[in-house]
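Both complexes shown next keep subunit A, but they swap its partner, so subunit B is in the first and subunit C is in the second.
Moving on to the complex of A and B:
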């Protein structure tokens, strides 16, 4: 094989209009973040994300200096809230609403053809919209988790501060924030792809929700095809299953964070690549939804 | 005859009786739903638990079938009130997906195409319009919940004999009343979210949110504020509490299943509040006119 043959793809790669794509992506991001973060239509996502924060705020007010609770108890409650509310439904529904709206919303508002008519690659459109959704959901849910954490340990005073700064607190906060961003990434990519395949992506969304909720009863090999499985493994405090689910739960072998994080990233990348292929063949139909 | 010549000609055909006009909407609603092959397939799938239940009852009562299958005395459980409650719970879960899939689309399409006015300009009232749409869901959900459950009940009574039917006739009543409450609630919620958001995808998502998100929020509320009243927004749990009383579950069984977290009156109050809110929304939003903002 000659040197010219090897050099050709590298040359074409470097010849790609990266600068143009970057500026287009930046413009798209600016526009989409403004649309998703500050619109009146997005109020529901704030209500959804900050509902537990309000509850922790009330708890902090009614139990100053940890009068009716202990740090261990509240750590467990925070972990329970994070796993039962944020991971299972909060971030799930937030991503469902936001990432579905990225393309379906344009169809409802009959404005998708403006994007398609602009001199921009469709793959770039997918990437830009996905990044905007990811930034928005990550910002909102991370802020909410951070506030919850602050309320939980803030109302204990000095013991709370000691737990955070001299104990395992900061590490747990880091894990919570990392898992939040990864959850937005995983669920976001799934819903973006679903919105490009189905006219009503919520129906397959129900199947995803049921799978993510009840994956624990499936054989351990199948559990690895669930986003929640990896996220639960990465959560800093483990919450054992209770009630009827505990009877049927199959305890799967834990996955190392070094496998869980790249695994999730790979899964999301694969879904996004699929979405990018899908959008190339997408035809606009503004029939009443 | 050319269409323009018929423009102002009065209709001289047979009129549908006033009391049954809403059934026209029901008929067309059902045919529209079953135009979708995936929806039809899912509706057929909803009958699978019924077939399994039927086979189970038969095997429990047939020594020959037990011998052929080689299950003998190892076949678990008995067909009693708890069995019927579990069966209904499963069917209700499947029926929820049916309602979420088919329900909102029936109304949102009318709003999206501005055709509500066309319906209401005919001799049909808002109530009849709503009744026509709700009847679609009620018919579908009846076919997948209380009708199969009653068939199973009578099959069991026939196979058991010895006065089992008269001793347990209250179970049939519980099946009927329990399912009717559930169907009324799910249909109302489905219609109310549809007229509120007027977009099928959002309406389906909102329905999903009411029955999946609110329970999680209630559980978190219970955990953070150390209370039990967060369950009041878990409408699935509230209806299960009502069912548990209708099916005369023993106090110990109710406690084990967590059906005693709130008293029965609170469960009823929660369900009635949801239905009232749905009625209020429907009354407010389902109008023959609409003001559109520029």
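Moving on to the complex of A and C:
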């Protein structure tokens, strides 16, 4: 055994190179956000995210001053759109497309080794790429939700403004944006981890989609391993459990928001810790991919 | 003498398997500072050995340490190590300058310092004119040089270069070789794999010959050649009376062959014992007042050793 194998003393928390890590994280975020926001592959994510915005925009144009519609009705339509389209389709597939590409894209383009050859902890690389993906998807989908909200209540004129600023509107907007960010966080962590396990994350992605869609039929303990379980209860407007929609909207044993948010954060953190362990063992073997 | 682990690259009984496919097997090596060439045919394990040094792959068995460090301490390890891989790929849409600057920023280098180091590295590979063009528009040789610049930009003490001469034109090839030689003389560890044997031969302080995942021979090229017992050493003696010299040499057992050189101005000798031959030649020169112009080994270069050990089915070292 060479002297090189002599164990080095473990550094204390304050001795860790925090300054280096901070500057590395900042550099990584700059690179990754620029890449993910403007990459050609992101175009369909923008289209997906802003499709409802176009729909609500047309509605606002065709119903000036709330003609042929009501605030209650539009509030319900927005709630349906958010819970059914955004959470289960838009953000889900948007995160799937973006987060699985964070590492898989580097492997496909044979550029992951540049990161692995830099003096950066791989755990930090996971954290940095995840944060960049989170910021990008949160920006895109929050902007879309914000625009939808503006279109929905903007075209009512004074009653709409009163609903937003003197009624529950602003609170609902805050909740929608919070749930949007939490959805990006939850789905993002899942898809980032999946991309480190599977060469083609499409099939596992479909399995996750089925689980997230139909987790309501699972035992209550298992439901807590679903991102949508937490998001649905954090959504500000409850959808009445009518017909087939009940499958997506009913929560058998709801938890309070004070548990739902930490629960989701804990679930995502656990998945990211797994991803960090996974990437530590990752080897560069592009030929195999 | 025991090598200092803090100044050497050490492989201790290292094996690497990709599933059931052998990468390298039971490698024990100590690489001192200077230029080390990895020589071997495709699939012999050169790239695996380089990837093991830099932590891109982990050993299935054994351990590798670089200057006493391992990739488990990346902040310290990669401050010392630069690796120019054979992957001809880049992040999308970057210019040569951005490519190097970004990698320096990931190292935690500040903006102005990263710009300075980037300019310096680009100058060293004579790519200043194309630095702000997109890499996607570069020729293969330019891409090779910009990757080399990226590997040396942070002033590593261990530089690993996988086929660094591929795609380079003769001028760039010559400049790169001069750069590697200069870096080796500065006390860096420069590990080069190359198929262009006569070029690495000129600058190598030591060679590692590989075949089918095994290290077949290692050390200074002359030493390795001397150890190849199955192939007598070839020595070219240039003199005014080659016929006379050949006749004097034939009488000795260790001289296997002595034939006139093609130009008629020398004798090409094949001997089983080079030391005895040199003593004999000295004796002839002194006793017979024989005029010798030059004496030079004719086959103790990497190419010959490679052919003896690997090209012709291997030999005994």
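Definition applied: the second predicted complex is superposed on the first by the 265 of 289 C-alpha atoms of A that agree within 3 Å, B and C clash if a C-alpha of one lies under 4 Å from a C-alpha of the other, contacts with A are read in each partner's own complex, and residues count from 1 in each chain.
Just so we're on the same page, a residue touches a chain if its C-beta (ideal position, glycine included) is under 8 Å from a C-beta of that chain, and two chains touch if they have at least 3 such contacts.
Remember, predicted model here, so these are calculated numbers, not experimental data.
Q: For the three-chain model obtained by superposing on subunit A, do subunit B and subunit C clash or fit?
A: fit
Q: Taking the superposition on A as described, I'd like to know which of subunit B and subunit C A:24 touches: first, second, both or neither.
A: In the superposed model, A:24 contacts subunit C only, not subunit B.
Q: Could you look at A:110 and tell me whether it touches subunit B, subunit C, both or neither (first, second, both, neither)?
A: So A:110 only meets subunit C here.
Q: Scan A:286 for contacts with subunit B and subunit C and give back first, second, both or neither.
A: second
Q: With both complexes overlaid on chain A, does A:201 touch subunit B (first), subunit C (second), both or neither?
A: first
Q: Return first, second, both or neither, reflecting whether A:158 touches subunit B, subunit C, both chains, or no partner chain.
A: neither
Q: How far apart, in Å, are the nearest Cα atoms of subunit B and subunit C after the overlay?
A: The answer is 6 Å, the least C-alpha separation in the overlay.
Q: Could you pull out which residues of subunit A sit against subunit B in one structure and against subunit C in the other?
A: 288
Q: For subunit A, which residues are in contact with subunit C within the complex?
A: 1-5, 8, 17, 19-20, 23-24, 27-28, 30-31, 35, 39, 109-111, 113-122, 281, 283-286, 288
Q: Within their complex, state which residues of subunit A touch subunit B.
A: 48, 51-52, 55-56, 58-59, 62, 68, 77, 80-81, 84-85, 88-90, 93, 96-97, 100, 104, 108, 200-203, 205-206, 209, 243, 288-289
Q: Give the list of subunit B residues in touch with subunit A in this complex.
A: 97, 100-101, 105, 108-109, 112-113, 199-202, 204-205, 208-209, 212-213, 216-217, 219-221, 223-226, 258
Q: Where on subunit C does subunit A make contact in their complex?
A: So the residues of subunit C touching subunit A come out as 5-6, 10, 12, 18, 51, 54-58, 63, 65, 68-70, 73-79, 81-83, 85, 87, 89-92, 102-103, 105-108, 110, 150.
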